[in-house]
Amino acid sequence: MDAFELVQANLLSPVVLAFVLGLAATRLRSDLEFPRDLYSALAIYLLLAVGLKGGVSLSVTPLSELWKPALATLALGAATPVWCIAILQQLGRFSRVDAAAIAAHYGSVSAVTFLAASSYLDAAKVGYEGFMPALVALLEVPAIVVALLLARRGEAASGSARAALREVLTGKSIVLLVGGTLIGLVSGKSGVAPVAPLFEGLFRGALVLFLLEMGLVTGRRLGDLKRVGPFLIAFGVVMPLVHAVLGIGVAWLAGMSEGGAALLGVLAASASYIAAPAAVRIALPSANPTFSLTASLAVTFPFNLVVGIPLYHELAQRIYA
Amino acid sequence: MQTVPLKRVTIVAEAVLERHLTADLERLGARGWTVLEARGSGSRGVRADQVAGANVQIETLVQPATAERIVEHVARQYFDNYAVIVYVDTVEVVRGDKYA
Amino acid sequence: MDAFELVQANLLSPVVLAFVLGLAATRLRSDLEFPRDLYSALAIYLLLAVGLKGGVSLSVTPLSELWKPALATLALGAATPVWCIAILQQLGRFSRVDAAAIAAHYGSVSAVTFLAASSYLDAAKVGYEGFMPALVALLEVPAIVVALLLARRGEAASGSARAALREVLTGKSIVLLVGGTLIGLVSGKSGVAPVAPLFEGLFRGALVLFLLEMGLVTGRRLGDLKRVGPFLIAFGVVMPLVHAVLGIGVAWLAGMSEGGAALLGVLAASASYIAAPAAVRIALPSANPTFSLTASLAVTFPFNLVVGIPLYHELAQRIYA
Amino acid sequence: MQTVPLKRVTIVAEAVLERHLTADLERLGARGWTVLEARGSGSRGVRADQVAGANVQIETLVQPATAERIVEHVARQYFDNYAVIVYVDTVEVVRGDKYA
Amino acid sequence: MQTVPLKRVTIVAEAVLERHLTADLERLGARGWTVLEARGSGSRGVRADQVAGANVQIETLVQPATAERIVEHVARQYFDNYAVIVYVDTVEVVRGDKYA
Amino acid sequence: MDAFELVQANLLSPVVLAFVLGLAATRLRSDLEFPRDLYSALAIYLLLAVGLKGGVSLSVTPLSELWKPALATLALGAATPVWCIAILQQLGRFSRVDAAAIAAHYGSVSAVTFLAASSYLDAAKVGYEGFMPALVALLEVPAIVVALLLARRGEAASGSARAALREVLTGKSIVLLVGGTLIGLVSGKSGVAPVAPLFEGLFRGALVLFLLEMGLVTGRRLGDLKRVGPFLIAFGVVMPLVHAVLGIGVAWLAGMSEGGAALLGVLAASASYIAAPAAVRIALPSANPTFSLTASLAVTFPFNLVVGIPLYHELAQRIYA
C-alpha cells in the first residue's frame, strides 16, 4: 500500500468517519449536540481506561526495559518547545508569549490522537510496547513547564508559574492517566479482568462517540481558521511531520519496537488541546487562545487523525526496515 | 417582612476561571455565592475550553462596598485577557446580617 | 399463541416492563428522574447504533433488492398525511393546522418503537431485511414535509416551510441515523466489528434504560389525556391498526419478507415524537402541541409497545400465510 | 469604579426556540447573551420537547432601545404560540461601551 | 411596549427541597416558576445531598403581596434548618396579567 | 490469610483503589470532577442492575427458602435504631433528634457497600444466596421508619412522618431496586439474557467509576470530620463491627449460607447515605445533617470498604466453621 492507500484505509474506519460525521453535522448546521456531561463522562472513561491498560502492562514490564523509552520521552517533551518558540517568533512573527503558548500545545500530547493511533495499529495487528500509555502521561507535562518558563523570560508573562505547574500536574487528565496506571499496576491483569468488559471491551466504541463530539467541536472552530493566518496553518501541518520523525528516531535510539516507534511518532506529532489550554490560560493570560487552540484542534488534530497516523506508521516501517 | 437592600454581583466567565473567581470572592469578603453553568456568546468569544462556550455564571450577594471591591478586582484582573463580564444590581434580602 | 398470549409474552420482556416501571414511578410520585444528559446520551447512542447496523447490512445488500422497499416506504410516508388530515378535519373537527400537525406525527415514525419491535422479533428469532433501519430514515421525513405543505394551503399556517424542512433534514435523529448508516456502509462488517461490543452488545440493555425514561415522560403526559378528548384517543389507537395493515400490505407488494413486513407495519403504525414535534413547532406555531404530542406519546406509543408489536407480527404472519 | 446602567432582558422559553431566539437577538442588535438550562412551569405549559419542561433562560445586556426592540419582537413573534416569558430589569455594568 | 413592574423572588436552596418549595409556591399563589440547577457555598453549607453543594435556584415572578407571602413562608419554614436564601427584586414584565 | 492480609488483598482491587484515587484527587486539589449527570446515571444503572440480578434469582427461589432471611432482615432493620439512639443519646450526648437521624442512617443500608462486598465475594469465588439484593431493599426502609417514629416521641421533631415515609418508599433507590427486582422476577433468566451484556457484563466496571466519584465526594467531606467529634468517629467504626456480628448471627439463625451471612453482616454494618439523608432531611429538619452524613460517608463507608468487607467475611467463616 502506498501512503495514499493507507490514508484511504484509515479514513474508512468508524473512528475517523465519526469525526467526519461530526464535522459534517456542524457544516449542515444540524442541531446535533453532545450533552456536556456525556463529553466529560467519555473523557473520564477513556483516560482511566488507557491508564488501566498501561498499568497492567507496566506490571509485567521489567524496569530495565522502561527507563530508556521513558527518558527519551521526557527529553523529547522538554526540548520540543525550544525550537517551536524560536520558529514561531522568528519566522511567524508571533509575540514571545503567543509563541510559548503555542509551543506548550505542540510539545505536549493529544491523548485522543494516541488512542486513535493505537486503535489503528490494533486493527492493523501491529504490536507495540504495553507501557505506551505511561509515556503519554510522561510526555504531557514537560513541554508545558518548559514553555511557561521560556515565556517568563519574556516581558508579558504574568500569572504564577508554580500555580500553572500545579494546575497541569493535578489536572484531570494527568490524575486519571496516572491514577489509572497505578490502579492497573497494583491490581495486575487478574485484578483488572472483572472490569475489562467495560474498560477494554467498550473502548473502541466509546472512542467513536468521542470522535463524533470532537468533530462537532472542531467544526465549530473551523471559522477561526481565517483568524490564525497561513503561517500557523502551515506550522500545524509541517511541525507534526518533523516531530513524528523525531519521535520515531528517538524511539529507535531507545530500542523500542516498530509499533512503539510509530506511536511515539504520533505522540510527538500530536498537539494538546486539554491539558495545555487550561494551564496556559492561567499561566499566560495574555496569550491569545484562538491561535493555539485553533491550530492544535482544527489543523493538527484532523491532519494527524486522517493523514498522519498511517503516514507515521509507514515512516516507522521505512526507518526500521 | 423586614428586608435589607444588598448588591448582587453577577460574573459570567469562561469555565476555566471558576475556582480562581470563587477564591477571589472569598478573599474579598463575600460570605457565599451561587454558580450556574452557562453557555454564551460575546464580543470576545476567546476561551480555553474546547467545549465551545462553556461558561459559568457566578452570583454573590454582598454589601455595597464589597461589591465595589469585587467589580474592581474582576475588571483589573481578568478583563484584558479573559472572556468575562461583571455587573451589579440591587436586591432585597431577608436577614441581611448573613451577608458581608 | 393467540393475540392475547402474544401481548402477554411481549409484556413480560424487560423492555416493556421498564416502560411500565417508569409509568408506575410517576404514578407513585417517585422522585426518580432521568438526568437530562443521560436521555440525550442514550438517544445519540441508540440512533447511531441502529444506523450502523443498517449500514453494515446495506453494504451487503444489492441495490436491486433495495429500491422497491425504499420506494414503497417513501410513498407510504408521503400518502399517510393526506387521509390523516381529512379524517382529523372532517370527523374530528380539528382546525386544518392542528390536523396537519397531528398528521405529520402519524405519518412519520418512532425510532424507539422500531427498536422495541426489532428487539421483539430478534427474541422471537424472526428474521427481517437488514436494511430496515435505512427505511426508518426514509419514512421519517416525507410525511412531515407533505403535512406542512398541506397545512400551508390553509390560512393559519405561518413560519417558513423551507426552514422547517431544513430543521427536519438536519435534525439530530436524521443526522445520526443517516450518518450511522453511511459509517456502517463504508466501513462494512469487519470495520464495525471492533466497535460492536458497544453498539451491538449493549443495544438491548440501553433500550431498557431508554424505555424506563420513556415511561417517566409518558407518565407525566397522562394528565393531558383529558385535554385531547375521546376522538383523538380513539384516533391514536385505530389509525396505528390501519397503518400497520397498510405497511404490511405495501411490504408484501414490495416483495419483502414476513419479518420485514411486520417491521414496516410497526413503522407505519408508529407516530413520531422526536423529529415531528420539533419541526412542526417551528413550521406550524399555531398548532397546539398538546394534541399531537399527547396522542403520539401517551396513546399510540404505549399501545404499539404493548399491544401493537405482537399484533402486527401476528397480522403479518396471517397475511403471509 | 465607573459603571453605566444597562437593561438586562431575560427570556425564558421552551428549548426548541433557543437557536431562533439567539438569532433574533443578534439581528436586533444584542452584542452578547448568556444561556442557562432551566425547567419550569407556567400558565401555558405546552411545549414540543418530550423531555417535559425543558426550557432555556436567555439573558442579554443591552441598551434600553435595544431592550425595547427585543421585548416587542419576542412578544409579537412568540407569545401567541409558544411557552415564553420575557422581562427586563436594570443592572450596573462596567465598560458599558461593550454592549450595544 | 407596555410593561408592568412585578416582583421576582429568587430562592437558592439545597436540591432536596425543590419539590417542597414549588408545591409551596403553587399554594401561595405563584402562577409559574423557573428552576435552574446550581451549586454554591454559604455560611451554613450543611445539606443532605452527598453530591456536595447540589442546589437549585428557583425564580418566580409574582405580585408584591404574593412575594411578601413567599418570602415570609420560606423564612419561617426553612431558614432555621436548611441551607436556603431568598431575595426579591423588581422586574418589568410584558402582559403582567399572566402573573398572580 | 490473617485479617491484615485480607485487608491488603481487598485494598488492591480496582474498586477500592478507585475510591482511593478519588480521595487522593481531592487531597491534591485536582480539578477532577464527576459530571452530576454521570453520577445519577451510574446510580440508576447500578440500582437497576442489582435489582434485576436479585429478581432473576428470586424467580428460581422457592418462597420457603426466602421467608426466614426476609423476616430476619426486617427485624434487624427495625431493631437497630433502638440501641443506636440509646447509645448516641446516653453516651454521645446527642439530642434525641440528632440521635434519631444518625440511627436512621446506621439502621438502613448502603447499596454501594453491598455491591462492593458482593464484588469481593465474587472475586473470592464465595457463593451466596441469589436473593441478597432483595434483602437490600428490605433492609433499607424499616430502620428509617422506626428512627423517625422514635424521634417524634421527643420534642423537637416537626415535619410530617407520613410524608417522610412516602419519601423513602417512593424514593429512587427503592423504586429502582424493587422495580428491577420485579422486572427480573417476571422476565426470568432467559428474558433478562439479552440485556445481560449491559446489566451484568459492565457491572464491576461501572462500580469502579462510581467508587471513584464516591472517593471524590468523601474527600470533600473529610474536612467535616473535626466538626463531628471523636465520639461519633468512634461510633462510626465500632457500630459497624457490632452490627456485622449481629447480621452474621441473624443470618446464621435464618439458615443462610456463609457467603450470605457475610453479606448480611456487611449490610447491617453499612450506613445509608442516599435514602436516609433525603428522608431524614424532610422528616427531622432540625437534625444536623453534618453529623449523620459525615459519619456514614466519611467514616463508616471507607472503613467498611477497606477493612470491613474482608473482616466480616472472615468473621462469617469463623462463626460458620
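Labels A, B, C, D, E and F are assigned to the chains in the order they are written; within every chain, residues are numbered from 1.
Rule of thumb we're sticking to: contacts are C-beta pairs under 8 Å (C-beta built on N, C-alpha and C of every residue); 3 or more make two chains touch, one makes a residue touch a chain.
Keep in mind that what you see is a predicted model, and the values were worked out from it rather than measured.
Enquirer: What are the mutual neighbours of chain B and chain F in this structure?
Expert: A, E
Enquirer: Counting only C-alpha atoms to place each centre, which chain is farthest from chain D?
Expert: Result for max centroid distance from chain D is chain F.
Enquirer: Tell me whether chain B and chain E, two copies of the same sequence, contact each other through the same residue numbers or different ones, using over half shared as the line for same.
Expert: Different: when the shared numbers are divided by all numbers used, the fraction is under half.
Enquirer: Using each chain's Cα centroid, which is most distant from the centroid of chain B?
Expert: Farthest chain from chain B, going by C-alpha centroids: C.
Enquirer: When the centre of a chain is set as the mean of its C-alpha atoms, what distance in Å lies between chain A and chain D?
Expert: Chain centres of chain A and chain D, defined by C-alpha means, are spaced 40 Å apart.
Enquirer: When the C-alpha atoms of chain A and chain E are each averaged to a single point, how far apart are the two points in Å?
Expert: Spacing between the chain centres: roughly 46 Å.
Enquirer: Listing for chain F: what residues touch at least two other chains?
Expert: Where chain F meets two or more other chains at a single residue, that happens at 31, 35-37, 41, 197, 201-202, 278.
Enquirer: Multi-chain contacts in chain B: which residues touch at least two other chains?
Expert: Each of 36-37, 89 in chain B touches at least two other chains.
Enquirer: Any two chains that touch count here, so list every such pair.
Expert: Pairs of chains that touch one another: A-B, A-C, A-F, B-D, B-E, C-D, C-F, D-E, E-F.
Enquirer: Spell out the part of chain F that touches chain C in their complex, as residue ranges.
Expert: 35-37, 40-41, 44-45, 48, 52, 166-167, 170-172, 175-176, 179, 182-183, 186-187, 191-192, 194-199, 201-202, 278
Enquirer: In their complex, what parts of chain C are in touch with chain D?
Expert: 36, 39, 217, 220-221, 273-274, 277-278, 280-282, 285-286, 288-290, 293, 297
Enquirer: Flag every residue of chain D that touches chain E in the complex, lowest number first.
Expert: 10, 12, 36-43, 55, 57, 68, 71-72, 75, 79, 85-89
Enquirer: Report the residues of chain A in contact with chain C in the complex, numbered from low to high.
Expert: Touching chain C from chain A are residues 12-14, 17-18, 21, 24-25, 28-38, 41, 119, 122-123, 197, 201-202, 204-206, 208-209, 212.
Enquirer: In their shared complex, at which residues does chain B touch chain A?
Expert: Touch list, chain B to chain A: 14, 16, 20, 37, 46-52, 54, 80-82.
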